[in-house]
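Each structure below appears as structure tokens.
Both complexes below contain subunit A, partnered by subunit B and then by subunit C.
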Partner chain A sequence: MAVIRLKDIRHSYAANPKEGADWALKQMDVEWQDGGAYALLGPSGCGKTTLLNIISGLLTPSHGDVWFDNLNVTSQPADTRNIAQVFQFPVVYDTMSVYDNLAFPLRNRKIDEKIIDIRVHDIARMLDLEHRLKERASGLTADGKQKISLGRGLVREDVNAILFDEPLTVIDPHLKWQLRSKLKELHGRVGATMIYVTHDQTEALTFADQVVVMYDGQVVQIGTPIELFEQPKHTFVGHFIGSPGMNVLQCQLDQGKAIVAGHQIAVVNTLAAPDQLTEIGVRPEFIKFSKNGMAVDIVKVNDVGRHSIVESKMGDHDLKIMVPEGQPIPSDGAHVIFDTAYTGFYVDGWLQERD
Partner chain B sequence: MSLILENVVKRAGPDTHIYETSVEFKADGFNILLGTTLSGKTSLIQMMAGLERPTSGKIWFGGKDVTKVAVQKRNVSMVHQQFINYPNYSVFDNIASPLKIAKMSKSAINERVGKIADLLKLTAMLGRNPSELSGGQQQRTALARALVKDADLVLLDEPLANLDYKLREELRDELPKMLADRGCMVIYATSEPAESLMLSGYTAALDKGRVTEYGPSAEIYRNPVNLKTAQVCSDPPINTVTVEKLNDRIKINSEIFWTATNDQIKLPNGKYTVAVRAHHVKPSGNEQLLVKISGKILVTELSGSESVAHFNFDGATWISQSHGVHNFDVGSVKDFYIDTYGCLFFDEQGRRVVV
Partner chain C sequence: MATKSNNQKGWFFVLPVVALVAFNALIPLMTVVNYSVQETFGNNQFFWEGITWFADVLASERLQASLGRQLFFTGTILIIEIPLGIAIALAMPKKGVWVSVCLVLMALPLLIPWNVVGAMWNIFALPDIGLLGRMINGLGFDYNFTQNPTAAWLTTILMDVWHWTSLVVLLSYAGLTSIPDAYYQAAKIDGAGSWAVFRHIQLPKMKRVLTIAILLRFMDSFMIYTEPFVLTGGGPGNTTTFLSIDLVKIALGQFDLGPAAAMSLIYFLVVLLLSWLFYTLMMKNEDQ
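On to the complex of A and B.
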């Protein structure tokens, strides 16, 4: 158990990194509280796995330090760091029983068989594997095997952190619901720091108390699910979280007023240099049809069950609007208003704070 | 072009993969095969492609019996979940390969490859090898190869399952548009109910080797003819409960009941299975319009803007899905409200009952 600190971490796979693109991780300072449930969320290639491997010690960063409490572990090898890691695909010993698979990390550390027996049964019960402990691992389905992998990660009590690298990618959606639920529950019971890497927003938001959103080698926002949804600090966060993502509309500044397609959008703090990119961000959830609003042309209505997603054009801009089930959608002459409390002004991608 | 399955059965040894199935797929628009792993999607696709023959029954394509026509002689293209590219060819040559086999002229090949690469945002990568691409780009290359020739039948077997969440969202948007005016028949297999709604078109719901219903995607979602279809089309899983209808009263048990809606009152008295989608089980509501049920919270989940709670009710796990971020305390007992207008009634054989 420890607080994990990443101080001024940068990493490049190139020998002599020069330009920005050479850096897989650009610059970051992140602190992971002991016992926290974190998700590391971002698209493929954003540096998630690099960061995970720096924490576990599989990779030494080109710059900066990794601290576990008051210990600088930057140059310590992985096997001394007391980290458990669960990978995307099940890693099990097919010829061993489910029991022996779960006991393996404990036997490696020469723990008393009596204690092992208690721990294995505990973990097996949490994962609904108790009735299968005597079976050979090879007889289990893919999700059963992945449960064993998860169990092996969770079985040790002394770990500094458990790292999950996209552990549910290969699981059927119907089973994902169950396993996703299980992990959240397990964090509550096990109490260890868990860092869960994923590109799936539902997995991240569901699992984590704090979500670390990564984009292009940087951390763009660390926040609770509600913060990421209501106050995306970067247009990327707005786009990546939410389905569909936030509408991002390029705007002009005219004497401090933000203008989109001839309409003034009510936002505060519209300060930007002339050469900076200025944008308005508003989620489809925060746009409503209203007779007194701005004119839009409806292009397409997509009924996805519990709500419809209306694709529209406001001038040259694409605008998506979410309409709850059962609410009317105007056929023509539609006008919309943005909810001011949830409409942000972005400069070069970053949200301008309201104060 | 029309595609008809006539009394098709597929058996392999003692296992039946497809029970007797007859479907006439719509020639225009997307046709979706929706079902979990092992529901028979891939078996159907293999037979449609001509890679496998049905044990009995016939397959008609464009008015011709193609049951015994080999894959090479059916103008078919196919994309699998695992992207398959020629590793030693450039992206350009990968995409061009079916055109070269068809002995098309060089200039025509250049034009076609250029066009499809542009559409799939691959233009900048045409000179690279597949190993230098991200997973999403590799899958787009495989898609481009399938779409570059004018196939009569395009078969897509979970083509987006291995891709990033956001990329999936984009391609889901673009694919129907790309294929819309090509005049080919498209069959798209997926295990995600949301995907079938977003792609719209027509959906065949599959359950353990049987097509339970075929119709417009939104229609079979909203008005399924049987319980199986309602289940196949729902993620999160649809809630079910046994009720007894007596005159104007619908009873879950002696304490929990509601006054039948105008439609429900016309049903004959007796026992029914009621199915309620998760978004019709609300975390707050007016007791006069809704039925209050209570249960212990087992798990909570968040996805973008929505909250999901799993709770115990009537000996089963129920799921509620609602807009906004709600923090439910796991382990506490909470009230939920069923929207009785969202209830679907089924008889003891699982057939939908409507007045």
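On to the complex of A and C.
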């Protein structure tokens, strides 16, 4: 068990990285608390898998160090790090039985067969594989195989962390739920740090205490699901989390005031250089219709069950507004106000803190 | 379960294939069967002989000897080519410019016509003017494949290994490159050494292509004709006379069509039986 620290990590697959695009991971300083359940969320190609492989030791970063507690493990190979990793596609050793698969990591480490037997049975019981130990691993279904992959990680004692790289991709939808609850349950029981890579926000938000959002090779925000929702630190987080995503409206600065379509928007901090991109971010949930506010033209109303999503235009800007069920939607001459507490001012994509 | 529809029109679509197979396999084969049970003295006159030729062929010491040589040859080249092919495939780069270079180099021997391979090695191994022959003799060994049976065997086997190991390499390489990276990564995390990776990941994943490779090499080497014929002509004496060389001698040299036909059928059945046995054994565990 250990706190995992990534210090000043950068990684490039190119031999001589020059421009920004050469870096799969840009600057990164992250600390993973011992025993935490983290979800690593981000679009394809943002560097999630690279980050996992650096933690597990399959990749050595081009720059920076990986620390487990007070030990610098940057140059340690994967098999000595006590990290378990479950991949997108289940990896089982086809010719072996389920038992031998689970025993494999221990046998490679020359552990006594008696201890192996106890460990394998423990893990098999935990994963509901006990009655299938004698079967050939290749005969199991995808979720069974994925359990074996996971079991091979858990069977080692003192696992520092379990890394999941989109482990439910090939699992049938109705089994996804089961397996995901199993993972949560295991997290409670094993107590190891779990880092769960996904691009599915529902999966991330249900699994994790802390969600790490990555975008374009960097971590843009670490926080609880609530924090990500209420205070997105980057317009990408606003877009990516939530359905529909945050409204991002480009704004002009006029004597320290943020102006969108002729309206002044009340935000706390409006410091920006003249050549920077300035935007206002506000979630559809935090916009209300009001008698006196900013005028909008309603384009379309989508009823999505417990609420309606109103698509509207404020000047040239698209604006989505979420209206709870039962509340009236004005037919014309609609005006809206933004909830100041949840309206952010973004410079080049980054939220300006309310200091 | 859905009931099978009874559609006789289906036969119509199979007809072209049936005709094709009939003309290129069944009808020629039946001619052979025809010869194998009759005796002819020309003039298109045939006399029924029953299984006489089969009995003769099976009892013939000469043919038993060539069958023995054939089995020894095939066994030897399989024992060399399969492990060597796998080893080369494992050593080949997985990505980068060298991949194409290696693949082209590997494919080259396969592109050379069989009789050219025989002729090349014949000249290459000649003790007086050949590069290889001259060199071996220069090193102090008495090497002359035209006179010494051991040298003839060594040269024949070396030639086959040179010509056909590439096939095993290419098939193994195809099998190896189809293994997803995750397997190697998982093995690394599981602490598996390179032998364990080979034994539990690479070899099982190559099983199908290797089965094909062994089958192809078995059948081809068991029916080998052109290369040893051009290289040694079956000699010295008849020490490198393999089944097909003997068959041609009987059929075209002595014009004994009856025994030759009987031998062809036995030959065919042996290849078929061994291939079937091997394939069935290899695939036995697949379905479990």
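To be clear about the criterion, the second predicted complex is superposed on the first by the 273 of 355 C-alpha atoms of A that agree within 3 Å, B and C clash if a C-alpha of one lies under 4 Å from a C-alpha of the other, contacts with A are read in each partner's own complex, and residues count from 1 in each chain.
In the analysis below, contacts are C-beta pairs under 8 Å (C-beta built on N, C-alpha and C of every residue); 3 or more make two chains touch, one makes a residue touch a chain.
This is a predicted model, so every value here is computed, not measured.
**Student:** State whether A:Tyr13 touches subunit B only (first), subunit C only (second), both chains, or neither.
**Tutor:** Touch status of A:Tyr13: no partner.
**Student:** Figure out whether A:Asn108 sits in contact with subunit B (first) or subunit C (second), or with both, or with neither.
**Tutor:** In the superposition, A:Asn108 touches subunit C alone.
**Student:** In the superposed arrangement, which partner chain does A:Arg283 touch: subunit B (first), subunit C (second), both, or neither?
**Tutor:** First partner only, subunit B.
**Student:** Is it subunit B or subunit C that touches the larger share of residues in subunit A?
**Tutor:** Partner with more touched residues of subunit A: B.
**Student:** Classify the contacts of A:Gln88 with the two partner chains as first (subunit B alone), second (subunit C alone), both, or neither.
**Tutor:** After superposition on chain A, A:Gln88 lies in contact with subunit C alone.
**Student:** By the touch definition at the top of the document, which applies to A:Met96: first (subunit B), second (subunit C), both, or neither?
**Tutor:** Touch status of A:Met96: second partner only.
**Student:** So in the complex, the part of subunit B that touches subunit A is made up of which residues?
**Tutor:** Residues in contact with subunit A: 36-37, 134-136, 164-167, 169, 191-192, 194, 197-198, 200, 218, 221-222, 235-237, 277, 279, 298-305, 308, 310, 321, 323, 325, 330.
**Student:** Could you please specify the touching residues of subunit A with respect to subunit B in the complex?
**Tutor:** 43-45, 172-174, 177, 180-181, 184-185, 188, 199-202, 205-206, 225-226, 229, 239-245, 283, 285, 302-306, 324-325
**Student:** If we count contacts the way the header does, which residues on subunit C are in touch with subunit A in the complex?
**Tutor:** These residues of subunit C touch subunit A: 180, 182-183, 185-186, 188-193, 196, 200-201, 204-205, 288.
**Student:** Hey, which residues of subunit A end up touching subunit C in the complex?
**Tutor:** 53, 56-58, 77-79, 83-85, 87-89, 91, 93-96, 104-105, 108-109, 136, 139, 149, 152-153
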